[in-house]
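First chain A sits with chain B, and in the next complex the same chain sits with chain C.
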Partner chain A sequence: MNAFAAIDRRALALHLAVIAVLFVLQFVLPAYHHGIMARILVLAVFAMGYNLLFGYTGLLSLGHAMFFSAGLYGAGLSVYHLDWSVPAAFGAGLAGGLVLSAAVGFLALRTTGVAFLIVTMMFGQVAYLFTLYFTDWTRGEEGLTLPQAARVLGPLDLTDPTTRYFAALVLFTIALFVTLALVRAPFGRVLVAIRENEERTRMLGYDTFRNKLGATIASGVICAASGAAYVLLFGYFGSSFAAVQYSILPLLWVLVGGAATTLGPLLGTILMFYLVDLSNDLLNSRFPDWDVSYLGIVGVALVLLILFFPKGLLGSVRDRWVRWLP
Partner chain B sequence: MTGKRTSLLLPNKNLTRRTALKGMGAAAGLMAAPGFVRYSQAQSSEPIRIGFQAHRTGIGAAYGRWYERVTTAAAQAINDAGGINGRPLEIVTEDDGTDPKRGAEVVEKFANQHKTDVVFGTLFSHVVVGSAPAAGELKMPYYVVSEGYHVASGSLNRYVFQPGITDVKAQVRAVGPWIAENVGKKITLVYPDYAFGHDHRDKFPERFEAAGGTVVGLVPIPPTETSFTRYFPQIPSDTEVIYHVMVGPGVLTFVKELGEFYGSSGPKLFGFIDSLEAVDINSPGLEFLDGSYFWEGMPRYLQPDASDAVKAYRAAVGIDDNGASVNDPKDVSTSAHMFGCWETLYIIKEAMEAAGYQGPADRAKLVEATEALTEFPEGPEHPQGLKVFSPMIHQSFGQQYISQVSGGKLNVVHTTSIEDGMYEPEADYTSMPL
Partner chain C sequence: MTALVETRGLSRRFGGLQAVDGVDFTLPEGEIRAIIGPNGAGKTTFVGMICGRVAPSSGSILFDGADITSMPADRRVMVGIAYTFQITSIFANLTVEENVTLAAMRRHVGRAGQRYSAAELQDASLSALERVDLQNYASKTAGNLAYGHQRLLEVAMGLALEPRLLVLDEPTQGLSDTEIEGFIELVRDIGREATVLLIEHNMPVVMALAETITVMDRGRIIAEGTPEAIRADRAVQEAYLGAPADG
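Right, the complex of A and B next:
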């Protein structure tokens, strides 16, 4: 029992330390990285939502862009067409994610494995086509911008870099501790049990469908929170965020950082962003005449990563060195 | 008495002559420090840095490749002629991946890391619209070559300009009357069923119908569609002209299937060359296009009456008489759009010189100086033709070219006037705060 308590204290201390580091980074990061870090924190929440379903529950979805977009469009359209305030629009985004994930979960969870992947991808594609079909409202692939004047929270101007960073950090902190609490709670244990052996979990008396539905809804709402925050903080929403690549990206971020680790999504999101950014810098500065895309470097890096960290960075770290990592 | 004089000269009464001298010495030392020297020189000889947001990867890569070549050529020409305000021009390129999220990040990178003076680019509307909030928040002048109506609509912000290329609304308005008078009066529009296609659907009919034409059919093609034959029966049988604006990889299939559907007896065709930019007009399957008409922003093939300015521009950007790369005849250019990069760089130069631009602190002055521009005369700097700039909507108006496919080439058969495409401004950016 004491050992469990110690693990929890260590985990809590680690997570608090991560938040503290992110807080301090606000004051030391150069302007560009400061702005980028705010984006990363918001997108890491998307990855954390995805991780809850994929990493902990073992359900591989390729339609999570629809949950991100539910938040993005729920909040964006509320501000753009209805002049809703930021909190109300954020609430609309969350509600969009809640309703959509409940509906999709209820239908898609009748399938498992590859079928679940395909069904979620199809629902994701439907959501993407919805954003195009209602172009009169959404401007489809071109998208819409929110005026700076509408992106205020009381006295706080969300377009101010400092405010934006703190807003992103608050959202990230809430999502991180909610995720941590969920996966440490009995509910989270059941999810892991389902991942490891669904039949056995059912045999033990658990209603696996209800638990999986709960995980889908929690995952969808967290992803929607990320989408809603993204549009309110950065001012743009368009169909590209609903396209299949935004279903693949959180999978990639989670795989790189470490599936079923609470901090893996953040690490994966940071790593993938800087892999792209620094590859571009490297090609621009060292090999300007090479007709090579950054994608080549990113591809090689990912292959190496999978060779040496097959469970993602933090997943492999946990396996080899830090067993208590949540 | 002395004390009183000192207090007049030096606001702090406790300041002695010794501390004042120390302060002056420190100031002199600061001026001699490397950083300050660098800053002083920046006013006169350091390059003007222009961040170029390029579609190097993603769906816009074919456009991006040519936008980059034209931009490099224009920067070279400007530098050869003495630069901007006597300072050389340096192009800093970043790949936007033809993605709006990355586009916005690239604008931030230009502003905060590369410390460019302005940002310039790019074609695809969603990247421009996605990047615009970042440009507005960072107060970074953002000159785009996108031809979308997004700038002129007033939906972006005061820092976004499109002075070097006309917008889709002006383009479709300009060609409408000519189609009605020369090709046919009953037209069916075939367009992709999303924002780009809707712009054509919504903005084309007004002037076409005013010239006696009638839109007899609308055939929206759903996005992600790869086969088109089943949509062709929706085209009314009395259609005299099919107006098509398909884009993306499906366009070759679209034209081929249209040809198979109609054989040699179908309606006449009018299309936007956007469909076939960077595609050889003589590609297999495109034979059906022979005799059809296309809008071109600037002629792909060298025309017999081309001006010296056009010839010089084509030589500088490296395209042959067929509009392909001089190094590779199969590398067809995006000539209907890429001239906008050349012209926009010259407009940035003109605005910077008018503003007496010294550095980022003058960005607001640069915005106002750009808004003070009204006309860009035809010549080496504007080879596509004269442009009239509307400061209220940050958008230029210019002439359009209508070409016919014959003998395996696109030959210009009509050049619209600027007035053909003009419309009343529907927004006023100049009233927005800087």
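Right, the complex of A and C next:
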């Protein structure tokens, strides 16, 4: 009992320290990185939602762009076409993610393994095509920009960089502690059990389908929260966010940071974001006429990571040094 | 004694193979029952249907008088049927204690959705581990245990479910002689509180434990009786040896 309490205190302290560092960064970072960090915090929420299903439950989905987009379009369209307030639009985004993940989960969870990956990817593509098909409302690839006047929350102007950073940090904090609570609760332990040995879990009396559906819905809603916040804070939404790249990105972020760790998604998102950013600059300055892609450097970095940190950075840290890391 | 498990005309066909063929079977509460029979006799399929892992092609299953034929496996665990796998099935990457806690947790949550404290849960887990003498391994990773200990861990998971019926599918397979001795004691101990249904090939184990033996061959029950009666049964000897023993 005491051992358990001690683990929880250490984990809690670590998470609070991370939040504190992110809070202080706001006052330290130069404007450019400040803007990037706000974006990273919102996208890390996307990665955390993905991690709940992929890392903890062991279900590899390649369609999570649809849950992000459910939030993105749910919030974006209700502001753009219906003039909804920011909280109402955010709620619409969450509701979109809830309904979509329940429906997709109900159907896709009849499959497992590679079939699950393909089915989720196809649902994701359907969602992407929907955003193109209803171009009268969505403007397809070109997308829509939310007017600045619509992006206010009471007295707060969400287009102001400082407000935006804090709003992103609040969302991130909530998502982080919700994830931490979920994976510590009996529900989260059952999800890990399903990942490790589903048949055994079923023969311990757990309805594995219902638990997996619960995980899909929780994951979908968290990803939708990220999408809804993204459009409300940064003001733009278009079909590219629903494309398959946005299903692969959270997988990369989680793999880099460490699957089934609560802080891995944040670390992975930061690293990948800056890796892409910096390698782009580096390549363009060193080899101005070569016209090479940053993807090469990203690829090399990923190969190195898989070689030396197969469980992602925090996953390997947990295995080797810090066993109590949640 | 009333029947805890009863099957009526229970059958299962896999394509052209009639694995279990119209089995009528009764297991009174509190008994230790062994099912024996040659390989392919349909033993695992039969208990698989009782546990809900295999759906019957026809026939019905009653547990404590209630029809559970179409009840999903996870619900059957909740009414008191626990199963240990023929091929050891544990959570290899989790600790020994977490393995048992997952079982105890279900049992405690299942009781009308009651809340339980972390301390109660740990007590339940550790006492299950103590019964199989694994309490000193609680914080070890389950996959690193010796094979015999992994089998015991699986039994502990079954015990943590506090079942009314514990189904053991070839539990002593791969155990050493000394481990088997301890295992016989353990099952006897379990038999004082729960009904035990045991599939077993090791005849000394069967003779030491079973109050009644059911013999299956080609999907049917060919004999049933006390260990002494079964030992002397001609049909049983033929099923195992293919010829009369005194021939």
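As a convention for this text, the second predicted complex is superposed on the first by the 320 of 326 C-alpha atoms of A that agree within 3 Å, B and C clash if a C-alpha of one lies under 4 Å from a C-alpha of the other, contacts with A are read in each partner's own complex, and residues count from 1 in each chain.
Going forward, contacts are C-beta pairs under 8 Å (C-beta built on N, C-alpha and C of every residue); 3 or more make two chains touch, one makes a residue touch a chain.
Computed from a predicted structure; not experimentally measured.
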Given the superposition on chain A, are chain B and chain C in a clash or a fit? fit
Quick one: classify A:Glu142 as touching chain B (first), chain C (second), both or neither. first
Between chain B and chain C, the one with more contact residues on chain A is chain B
In the superposed arrangement, which partner chain does A:Gly235 touch: chain B (first), chain C (second), both, or neither? first
In the overlay, answer first, second, both or neither for which of chain B and chain C A:Ala259 touches. neither
Considering only touches as defined above, state whether A:Leu251 meets chain B (first), chain C (second), both or neither. neither
With both complexes overlaid on chain A, does A:Val192 touch chain B (first), chain C (second), both or neither? second
Specify the angle subtended at the CA centre of chain A by the CA centres of chain B and chain C, expressed in degrees to the nearest 10. 150
Partner chain in contact with A:Asp207 - chain B first, chain C second, else both or neither: second
Which holds for A:Leu132: it touches chain B only (first), chain C only (second), both, or neither? first
I'd like to know which partner A:Val183 touches here: chain B for first, chain C for second, both or neither. neither
In whole Å, how close do chain B and chain C get at the C-alpha level once superposed? 39
Based on the A-chain superposition described above, do chain B and chain C contact any of the same residues on chain A, and if so which? none
Using the touch definition from the top, list the residues of chain A that touch chain C in their complex. 1, 4, 186, 189-190, 192-193, 196-197, 199-208
Please output the residues of chain B touching chain A within their complex, sorted ascending. 56-57, 93-95, 99-101, 104-105, 108-109, 111-113, 125-126, 129-130, 132-134, 136-137, 148, 150, 155-157, 193-196, 198, 222-224
In their shared complex, at which residues does chain C touch chain A? 51, 53, 72-75, 77-78, 82-83, 85, 89-94, 98, 101-103, 105-107, 109-110, 118-119, 122, 157, 161
Can you tell me which positions in chain A touch chain B when the two form their complex? 30-32, 34-36, 39, 129, 132-133, 135-136, 139-148, 159, 234-236, 238-241, 277, 280, 284, 293-295
